[in-house]
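First chain A sits with chain B, and in the next complex the same chain sits with chain C.
Now for the complex of A and B:
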């Protein structure tokens, strides 16, 4: 949408007008544009416009070694990078038939759930800000920072960790890490009632979020809605439970659901998932000391690693929904084709376009944040 | 478990109704089906309508230029059977036209639009084949194997030696760290061969270590 390429559309005289939200706007999650056709303040039509974050990762990955691609994978989704790393590693391990040591699997779950906590806190902040409440945004981002501190201690990176490699994880926890994670979880648990008071008992949020962007169960299944957005329609479907990976089948956790299908229900499901993730992390922390074992299995020389030919499809539950990789190898030292399916490819495009029809202009941003759409996943 | 097994044999029986397909079970939750391009819509209709595979997870396209074919892979998931079917089909690379499955799976619209943009495969009947991500790109479809992005970059862009005025001023005053042009990362000078040639030249005026 460079100015020289922009042509204003000529409509016949009417009460309708066009509005571009984005690509750089506080009401848009990331660099993403949404073109609205409006009648008064009602949306008649919304069109998603992506491409501002396209970095061509799938093409780049075809030109790099299997191990080099680890640096690319977390950048596909900035707020929740860990599932990208883990699922890519799972795909390579599946192609090579690697047996990952158990300790590494538990460490991966620890990392994935910490990342889910961080991503949900981030989304809380964004969702609240679109309804005009900035305090939850500051709180959510401040509390997310505590989790980023833990990541920094674990692997040196705050946002892009690159902690996983095919065959396991790069290094073990530093001494005293379990205690510090536990302390942070204790603190987060004391914060949850505050979040309830600030957001979910706040009349501003209740009245703004209830009944906005409603998805029915049939629509959710038809539009391939996944993750917390699907569970907000009352369906207890979760890849961690339905298609277990890592060691999720050994963990006790509930799948929270809500019946409304609206922005309010989606926020509430995320709020309940915070509690479930804390529960999972506590189980992992209790189990880790009894697992001495190595943290990765031996892999061939990564700079001359010919992954056996074949293809695999790996699914995972990220904080936003179903995340999947289709990876094809032709037996060479670089991937032949990688295709990432992010949950936001549905949520930010088709679902958002359909939900915005008929809603009021001020709710468009809220619907996008309540869907937890992540534009970098769409563009890749 | 026995219930799951019964369901999967029921699925196997159902699939025998179709001719010309090859089924490979990779694991208890992963099924690979190779199918002719003409039979794929019928297979997907069967999977969605009678076998509860309601969730289209993704459509992937793989370019095989040596065989002059595109491989299209439809990944569908059943919440009830808890299994994934990957339906593989191949279409000729030229003219690269196929049928949309939008009427069976709504999410196909996004993936077909994406494949059209990245590989140049046209899907007949898809609701929107306009550009989405590469709005201002008029070159060949970039995800095709015969598009070499590195060659394109070398043909269209120049690498610059980074030597701005403010850095020259600092160096002239005897400060900062200067990297000789032949040691810069993107320089086109001779390759450093001597041992230690990769070290940065440190101006001794500021570094007294």
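Now for the complex of A and C:
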């Protein structure tokens, strides 16, 4: 809380009023505050008030060994932790010149796409809930749990996986894992039409979401919008295809786009990405049995590991958009500086502030969820 | 899936399609307890039998959630590398990353397949737990995340050391071990988990974790500084130390211990001798105390004490009977293991602090003990064990029977010795290996072939010699016969022609006393024109003189000393192999101990005066 929040403020008589949404509010993702100035039901101005989830991760990482930072990375974005882990590992691997075994690369894609599925199901439900429909939320969270079960089997943890390590992954798949992933994908595919019926063919959702929070393609580029939010403006920009990492260049998948630029288009892009992710995972599952290889290259003793001096910028496509790490090493056993480009930073602050102007009060929450802004990623 | 036409927005009635779900079960899971997955990272389990209390888990913990707690009653043995500490976990801090599991040197820690721990009766202390193999709830849950080959982060394999091949080394006394290069040393040093077990096991408590870390940081001067804090025989111990540190090394429980000895050698070789002298002199006061100390014997114990006392500002005079310093490290260890020029470097550093060494001076002959007592404030005697023991079997007094220490001394001193065509060595310790391998070299050089038989009472698994020594001796053509007890020297035409041995059935009786039993039917005659006894050494105490020998107290043939190595005479200290031993690093430890005691004595006397 900032000191000015405690000061009594006097205003000239006016029919404008202020309203705080958050930091704890069902219409806000996570601990995040949004201050509105309203005239009736119409928003005149919105001010993002971030910082409630600031844990100082970037600074903390400077005081920890390279390997100890692994436990911090997934906590930067709770709903979609895997890309955080992988991209940090990619940065360290880049600085050290580590050659990651191929099997580990495919296992990383498997996790990344499972995580995208889980994150989209989560957001999906959240978005529906902001329009008053709670069934998709219940369904989304229940179906996401099936993916968390898979993560538990693979990584030993449901939410904070800490499964990736510079050089590869920490252990191989348990026996029968491919079949169980496949079964879960089969089930999810049968669920997708239900979600369609419930949301995209539902006039309530259509009427609420269409034309709300519209971003044009030019605005999106100006405001550094990335990910599904950018693709909903008609631009097929995706790091997985444009700057392939891991083994994405060996996979066949489409980049779904929509041209509305509104909340509806953004939800629809995510819905289509669910299908693309399932497609990618199926290719990975088909490939994995033919890759015996190790799952990690040899790495030094984590307690005595000097990463060569240098800096690197590594980017990935997370479920929220373009996620990047800037990591600087001065050749010591701890990072000199790390910086995370969380895509939600742009979406939750400048984009949300701009989109809220002129919209109705009930749409603010919907816009935030449709942008899939993740506060822990904003604050870090 | 994407074939759905999203332009068809349905209508108000579209949601009614979902009425078909009314007949279905709700999306819930049963409330029955469910088992976590086989890899689950639940709560800690720790096998107290396997855990050695090395605290590596505590070091790697991201959140400082682990505290090492002392458990009275648990075994504690610094020599074996076992502490009575066990990790306790603060679950208010733990983030279940399982790095403690992956980096545990022994593999004792794992995580359980438990999901939940809740606070009972508002007892917040229940989140600080000392787990054993029954976990934190005393209920036997299965292991979840445990160490596997693929998840193990401990570097188990040692960096290979380059050594001369047997055929290249057998006809000369060149040093066998090549030593690490910089890259190898840094990689080897990086394996260390900094547990400090080596420090606890070392007789002189060397700061091994500190100098290993300095080597890893490529700061060799700091490494030398750390080495010289506790050991002025740094080049020597970098080559021929018995390296108890490596026996205690926690990484050695499942893999190969860190090559601590070779790392020390690397650091010492990497810094210029003049710079080593400057580093060794750091902390020496700019004044002199005016106290004079005489030290008899310029071996590791005597010179270590001289080093310490000189650094405290005392005047130290060392008397050495031989023509060069180093004692048994020079005259007992062959040059292929301990090159003389490296020993010279150690001695030069000690001399650079102002220690004076008077060579070729035998106390008892050139100077008497009572003269030393009058001229000096304190006297330290550290003369080592120079007299070889005899088996006293029939024929042992023949001219063809030699003592190993005397032969080794002659070879080191450049005196000519008779090189036998065929030799039989009696003994299974390092001295036996040294003489066997020395004679093998001389034979190869003179006759072009090696003919050495080594017999020992012990079976091969209980040889006192280092494993490497046994392996290398065999590579060089030494025939090793274990469990053979010498019975008599076979004499032909007045000279030794072989050794008769019987098979050993047991060495000690039920009470643990030395009483070997033999099978006389299993008799072998080992031909050899020289028989060498290498079964132990004794101190030559003639230097004390009769009166002093009578005056001093003795304990089973050894001088009786107190904890500070002071004898029953208040001006006389005794240290090294003659009191305790026998290896270099123990002698160094003794040297420190005697020096501390002498310094304390001198200071107290000063205050009293």
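Here, the second predicted complex is superposed on the first by the 374 of 380 C-alpha atoms of A that agree within 3 Å, B and C clash if a C-alpha of one lies under 4 Å from a C-alpha of the other, contacts with A are read in each partner's own complex, and residues count from 1 in each chain.
Following the convention adopted for this analysis, a residue touches a chain if its C-beta (ideal position, glycine included) is under 8 Å from a C-beta of that chain, and two chains touch if they have at least 3 such contacts.
Model, not experiment: these values are computed from the prediction.
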### Query
In the superposed arrangement, which partner chain does A:324 touch: chain B (first), chain C (second), both, or neither?
first
### Task
Would you check which partner chain A:155 touches, where first means chain B only, second means chain C only, and both and neither mean what they say?
second
### Task
State whether chain B or chain C is in contact with more residues of chain A in the superposed arrangement.
C
### Message
Between chain B and chain C, whom does A:135 touch in the aligned arrangement: first, second, both, or neither?
### Response
second
### Task
Could you tell me if A:339 is touching chain B, chain C, both of them or neither one (first, second, both, neither)?
first
### Task
Return first, second, both or neither, reflecting whether A:242 touches chain B, chain C, both chains, or no partner chain.
first
### Query
Which partner does A:211 contact after superposing on A: first (chain B), second (chain C), both, neither?
neither
### Message
By the touch definition above, which chain A residues appear in both interfaces, chain B in one complex and chain C in the other?
### Response
none
### Summary
In the complex, chain C touches chain A at residues 1-2, 4, 6, 8-12, 14-15, 17-18, 21, 27-28, 36-41, 56, 59-60, 62-63, 95-99, 102-103, 111, 144-145, 148, 150-151, 153-155, 187, 189-194, 213, 216-217
### Partner chain B, residues of chain A touching it in the complex
1-2, 5, 49-51, 54, 56, 58-60, 63, 221-224, 226, 237, 242-243, 311, 313, 315, 322, 324, 326, 328, 336-337, 339, 341, 345-346, 349-350, 378-379
### Task
Can you check the complex and tell me which residues of chain B touch chain A?
29-30, 54-58, 60-63, 73, 75, 77, 79, 82, 84, 86, 105-107, 109-111, 114, 118, 132-136, 142-143, 149-150
#### Entry: chain A residues within the chain C interface of the complex
64-65, 67-72, 135, 138-139, 142-143, 149, 152-157, 160, 162, 170-172, 174, 189, 192-194, 196-198, 200-204, 206, 254, 256, 268, 272, 274-275, 278, 294-296, 299-306
